[in-house]
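Just below sit the structures, each encoded as C-alpha cells.
First subunit A sits with subunit B, and in the next complex the same chain sits with subunit C.
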Partner chain A sequence: MSRFLINRVLGMAVVLFLVCLFTFVVFFVLSPDPAVQICGKNCTPEAIDQIRANLGLDQPFWTQFWTFLSGLFAGRTYGTGANAIECAAPCLGYSFQTSQPVTDMIVQRLPVSATVAIGAAVLWLLAGVSAGLVSAVREGRFADRFVTGLTLTGMSIPNYVLALSLQFLLVVTLGWLPFPQAVPFADDPVRWFLNFLMPWIVLAIGAAAVYTRLTRANVIDTLQENYVRTARAKGLRPDLVWRRHALRPALTPIVTIFGMDFANLLGGALITETVFGLNGIGKLAADSITKNDQPVIMGVTLLAAFLVVVGNMVVDLTYTAIDPRVRVGSAK
Partner chain B sequence: MTTTAPETGADPTLLRVRDLTVGFTTAQGPVDVVENLDFDLERGGALGIVGESGSGKSMTSLAIMGLLPKGARRSGSIEFAGTELTGLPERGMRAVRGDRIGMIFQDPLSSLNPYYTVGTQIAEAYRSHRKGVTRRQARTVAIEAMERVHIRDAARRVDHYPHQFSGGMRQRVMIAMTLSMEPELIIADEPTTALDVTVQAQILDLLAEIRAETGAGLILITHDLAVVSEVTDHIVVLRDGDLVEAGPVERIFTDPQEEYTRMLLDAVPRIDDEIGLLRTTSAAEEGR
Partner chain C sequence: MTFTPTDLEVEGAAGGETAGESLPASPPASGRRLVRTFLRDRAAVACCVYILLVIVVALAAPLLVKISGWGPYEFDQSAVDPDLGGIPLGTAGGISAEHWFGVEPGNGRDIFARIVYGARVSMTIALLATVLTSVLGVVFGLIAGYFGGRVDMIVSRVMEFLMAFPALIFMIAVLSALPAENRQLLLVVVISFFGWPYLARIVRGQTMSIKEREFVESARASGASSAQIIFKEILPNLTSTIIVMTTLAVPGYVGTEAGLSFLGVGVVPPTPSWGQMIAGSVPWYAVDPAYFLFPGACLFLLVLSFTVLGDRVKKIAESGEGRV
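So, the complex of A and B:
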C-alpha cells in the first residue's frame, strides 16, 4: 500500500512538473513580451528594461523557469533594493496590475469557489444518482422516459442561458430570491444560502443530467449480473436488491468522473461565477484574461491542473476503499 | 364428537409441477422453451433434471423460483408444500424464495457480489427473512453455516471477500448461504459445472451430506448424467423443452426407454470405453 502511494505521489510530481513547464512556456516565452504589456501606453524603453529586470525576463529561459519553480517552494523576491517585492512561498507569481501576489489573490477567492463546487456537487450527485437508479429499475416505462427527456434537456441547455434565465425568472419576475449580493455566512446564513442557490442549481443541472445517464446505464448493466439474481433468489426486498447489489457496484465508475468533475469545478466555474457576480477563482480567471494579467492567468491554470492531478489521485485511493478487489496488498 | 386435526405433512409431495410452460416472444413469433412439463418431488427426495443446454432445464428452475427473465410467459401449476406458487403475489413469493426454497447457481464467482464479504452475503438473507435478528446473531448463523459446509477457519473467513476464495470454496459459500435458511427445497442449477473434477466430487458429496442431514428436497439440474447418478434418486430427461423420459435413476440407467436417453448415457465417458469418434446427439440420431 505504501509503495503504491509512493509511486502515485512520484507520478503526480512528474505530471505537475510537466504542467508547470508547459504553462511557463506558453505564458512567458510564446506570448508577447509581458514587460511591454505591463508597462502599457506611454512607455519608455527604460521603463520596459526596469520591468524586465524586475520580472527576471532578462535571464535565460531555464534560469527563469528555475526561479519560478523555487519560488513555488521557497518564495522569491521581485526586483532589488527599495523596489524589491517579497513573494512568499508558495509563490505563483506577482500581479503587477493589482500589486498583489497571485497566491494571495487565489487564496482569497478559493472559499467562494469551494462553496459553489461543494453545493453543486451535493445537488448533482443526489439528483443524478437517484434519478439514474429510478430510471434503470423502471427501464422502458414512463418514469424512465420522463427522466431521459429531462436529462436530454438538462444536457442541451448551455450554462449561461440557464443562469441568465433563472436569474430573470426567480429574481426579476417572480421575486422568489433576493438579488445576489455577497453576504458572509456568519452575518446572515439564510441570505448566504439563497445567494448560492442559483449557482448551485445552474452548475448541478448539466452535471446531474450526465450522472443520471451514467448511473442508469451502469445500473442496467449490473442488474444483469448473476449476483443480482442471487440476491433475488435469497428473497431480498427489491429496494435492497437495487441499493446494495445493483447501485453499489454501479457507482464505482461514477466515483471516477466525480473526482475529476469536482476538482475541475474547484478550480473555478468561469461562466457561472461571472454571471452571478461571485468573486471566485472562475471570476478571477475571467477578469485576468480580460485585463491580460498573465501571472494571474498562469497561476489559475496551474491551480486547476494541480486540483485535477490531486483529484485523480484521490479517486485512485477511493477505489481501493470501495472495491475490495483493487485493495492493494490484501492477503489472499 | 370428533375433530379432524389439520393434517400437517400428510401430503408426501413437496413439489408438484403440472403442465408447466415457459415461453418468450421473439421477433420470429412466440417460442416455448419449456412445454407442458409434469413432475413431482417427494419430501426429502432428490430429483435430477437432465438435458443439453437449451433444453429448458434452467428455465424450469427459474420458473419455480418466479425469477424468469423479463418478458417470459409462465403457465401451468407449481404447487409447493400445498401452496400454488404461480398465483402468489410478489411479496408472498419473496417469503418463499431463499427461506423455503434455496437456490445454488452455476458460477459461484459471478453469483457472489464482489463488493461484500461472504459473511455479509450469507447473513443478509437470514436477516431479511427472520425479523428482529441482530447483526451479531446473523453473523453467528453465517459462521455456523460455513462450518457446516466444511470451510475451515470459518470465524476468520467470514470476513473475506469472494475473490479471496477458490472456486470450490466459493461454491461452498453459496451452499452455506442456502443452508443457513434451512430450506425445504434446494434447487442446484449446474452446481459443479464451473468447477474442476476433484472439486466437483467434493461438492456433490457435500450436497448429499446436507440432504441426509436436513431432509431437504433437492432438485439437481445438470447436463451430466454422471453427476445425477451420484446424488439423486429420480431423473427427468428434457429435450428442447419437452419431457423425454422420467423415472428412478436405476431404471433410467439400466433400461432407458427412449433413444435420446440412451444417447445421453452413451455420452457419459466410461473407463473401459474404446476411444472412438466423438458422437453428437444429432449425428447419432441420423444413424452415423
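So, the complex of A and C:
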C-alpha cells in the first residue's frame, strides 16, 4: 500500500511539473511581452528594462522557470534593495492588472466556487442516481424511455443556452426568482440560496444526465451477474438483493467519475460563473483572459490541474477501499 | 464534455478467417443491414435530416443570403429603434418579410444571414476537429496497442497527461495567448490536441486483444509486415468502434467550439458563429429574447441530433444487428 502511495504521489508530481512547464512555455514564450503591457502607453525603453529586471524577465528561460517553481514552494522576492517585495509561498506572482498577489486573489474566490460546486454536486448526484435507478428498474418501459429522452436532452443543452433560457423564464417572464445578485449568507440566507439556485441547476442538469445513464447501464449489467441470480435463487429478500448485491458494485464507477467531475468544478465553472456574474475562480479566469493577465491565468490553470490530479488520486484510493475486487499489490 | 465509455467488445473473428489474403478493406458489419435497421428508427432519421439540413444550409449560405437579401455583415439602422437603445422595431426581435429571423439589437445585422454563415463556421470546425481527432486517436491507439512495451508506455503516459489536464481552461489560455491569424484552424488543432486520447485509449485496448487472435498470427506467419497487419488485419475490425466513438464525439466538439466562441476566445468577430452570437445576446436577453433564442435553438438541436445519432449508432453496433 505504501509503495502504491509513493508511486502515485510521484506520478502526480511529474504530471504537475509538466503542467507547470507547459503553461510556462505558452505564457512566457509565445505570448506578447508582459513588460510592454504593464508599462502602458507612455513608455520608455528604460522603463521596460526596469520592469523586466524587477520581474526577472531578463533572465534566460530556465532560470525564470526555476524561480517560478521555487517561488511556489519557498516564496520569492521581486526587485532588490528598498523596492523589494516579498511574496510568500505558495507564490504565483502578482497580477499585471491589479498588482495583487495571485494567491490571495484565488483564495478570496475559492468559497464562491466551492459553494457552486458543492450545491451542484448534491443536486446531480441525487437526481442522477435516482433517475438511473428508476430507469434500470423499469427497463424498456415508459418511465425508462422517458428518462432516457430527458438525459439525451440534458446532455445536449449547452450550459450557457440553458442558463440564459432559465434566467429568461424564471426571472424575466415568470418572476419566480429575483435577479441574481451577490448577497452574503449571513445577511439574508434566503436571498443567498435563491441566488445560487440557478447556477446549481444549470451545472447539475448536464452532469445528472451523464450519471443517470451510467447508473442505469451499471445496474442493468449487475442484475445479470451470476451472484445476483444465486442470491435470488436462495430466496434472499428482494430489497436485500438490491442493497447488498446489486447496488454496491453498480455504484462504484459513479465514485470514479464523481471525484473527477467535482475536482474539475472546484477549479471554477467558467461559463456558468460568467453568465450569472458569480465572483468565483471561473469568473476570475474569464476576466483575466480578456485582460490578458498572464500570472492570474497561469495560477488558475495550475490550481485546476492540481485539483484534477489530486481528485484522481483520491478516487483511486477510495476505489481500493470500497471495491474488494481491486486490491492494491495483488494487481500483478 | 464527458465521454461515455463505449464498452464495445471486439467481435469474433468476423471477416478474419480469410486473413492472409489481401482483402479490400471492407468493414465486418454489413452496411445494407445496418442502414435498414437505422432507417426503421424514426428519431435517428429525424436527427439525420436536421444535420443534413444544417450542412446544406452551410454549403448554400451565399445563395440563401442572396435570396433573403441581407448579408451577414450588413448593418440595417432602419430596423432598430435608436431612441430605445437600439432595440429592434416590430415584434419578436424585428421579424419581418425583410428580416426572416429578426435583426441584432444595436446594429441591425440580419440574424438569418448570421445563423446561416455561423452554421458554416460551426460545422467546419466540428467536423475538421472530429477528422483530426479520429486520425490521431486511431493511429496512436493502433501503435500503442500493436507494438506494446516501451512505445505503449510512452503513448499511454502522454494520454494520461493530456487527460489529467484541465482542458477547457487550458484551451482558453492557449487560444488567448496565441496570435489570432487563422483562428478556425487554431481551434481545430487545439480541440483535437486534447481530444484524441479518449478514442486512442479504446482503440489501444481493442488492438491489444485483436492482435492475439489466430488470423493475425497466421498473417504474421505468412510474412506480412507490421504495417500490413495493422492496416489490413486489425483496422477493419475496429471500424464499428471508430464510427461509434466519432459520432459520439461530434456533439462535444460542436459544443466546445460554441463554448470557446461564447467566452470570446474562439471565432473572432465579425465572423459569425453560433456560440459567439449567443454571447453577444447576453446583455439583451431580457429585452430581446429572440436574439438568443434563434442561435440557441439551432445550436441545441444540432448537439441533440448528434447526441441521439451517436446513441442510436452505438446501440445498433452493440446489439449486433447489421452484423453478418
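Please note the rule applied: the second predicted complex is superposed on the first by the 316 of 332 C-alpha atoms of A that agree within 3 Å, B and C clash if a C-alpha of one lies under 4 Å from a C-alpha of the other, contacts with A are read in each partner's own complex, and residues count from 1 in each chain.
Here, a residue touches a chain if its C-beta (ideal position, glycine included) is under 8 Å from a C-beta of that chain, and two chains touch if they have at least 3 such contacts.
Given the structure is predicted, the values throughout are model-derived calculations rather than measurements.
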{"item": "Subunit B versus subunit C as contact partner of A:V161, first or second or both or neither", "value": "second"}
{"item": "Of subunit C and subunit B, partner touching more subunit A residues", "value": "C"}
{"item": "First, second, both or neither for A:N218, with subunit B first and subunit C second", "value": "neither"}
{"item": "Subunit B versus subunit C as contact partner of A:S135, first or second or both or neither", "value": "neither"}
{"item": "First (subunit B), second (subunit C), both or neither touched by A:L236", "value": "first"}
{"item": "Contacts of A:R248 with subunit B and subunit C, given as first, second, both or neither", "value": "first"}
{"item": "Contacts of A:V15 with subunit B and subunit C, given as first, second, both or neither", "value": "second"}
{"item": "First (subunit B), second (subunit C), both or neither touched by A:V309", "value": "second"}
{"item": "Complex contacts: residues of subunit B adjacent to subunit A", "value": "65, 67, 94-99, 102-103, 105, 107, 110-117, 124-125, 128-129, 161, 163-164, 174, 177"}
{"item": "Residues of subunit A touching subunit C in the complex", "value": "15, 18-19, 23, 26-27, 30-31, 152-153, 155-158, 160-161, 164-165, 167-168, 172, 207, 210, 213-214, 257, 261, 264, 267-268, 270-271, 274-275, 285-286, 289-290, 292, 294, 297-298, 300-301, 304-305, 307-309, 312"}
{"item": "Residues of subunit C defined as touching subunit A within the complex", "value": "2, 4, 160-161, 164-166, 168-170, 172-174, 176-178, 251, 255, 258-259, 262-265, 275, 278-279, 281-282, 285-286, 289, 292, 296, 299-300, 303-304, 307-308, 311"}
{"item": "Parts of subunit A lying in touch with subunit B, wherever the complex brings them together", "value": "225-227, 229-237, 240, 244-245, 248-249, 322-325, 330-332"}
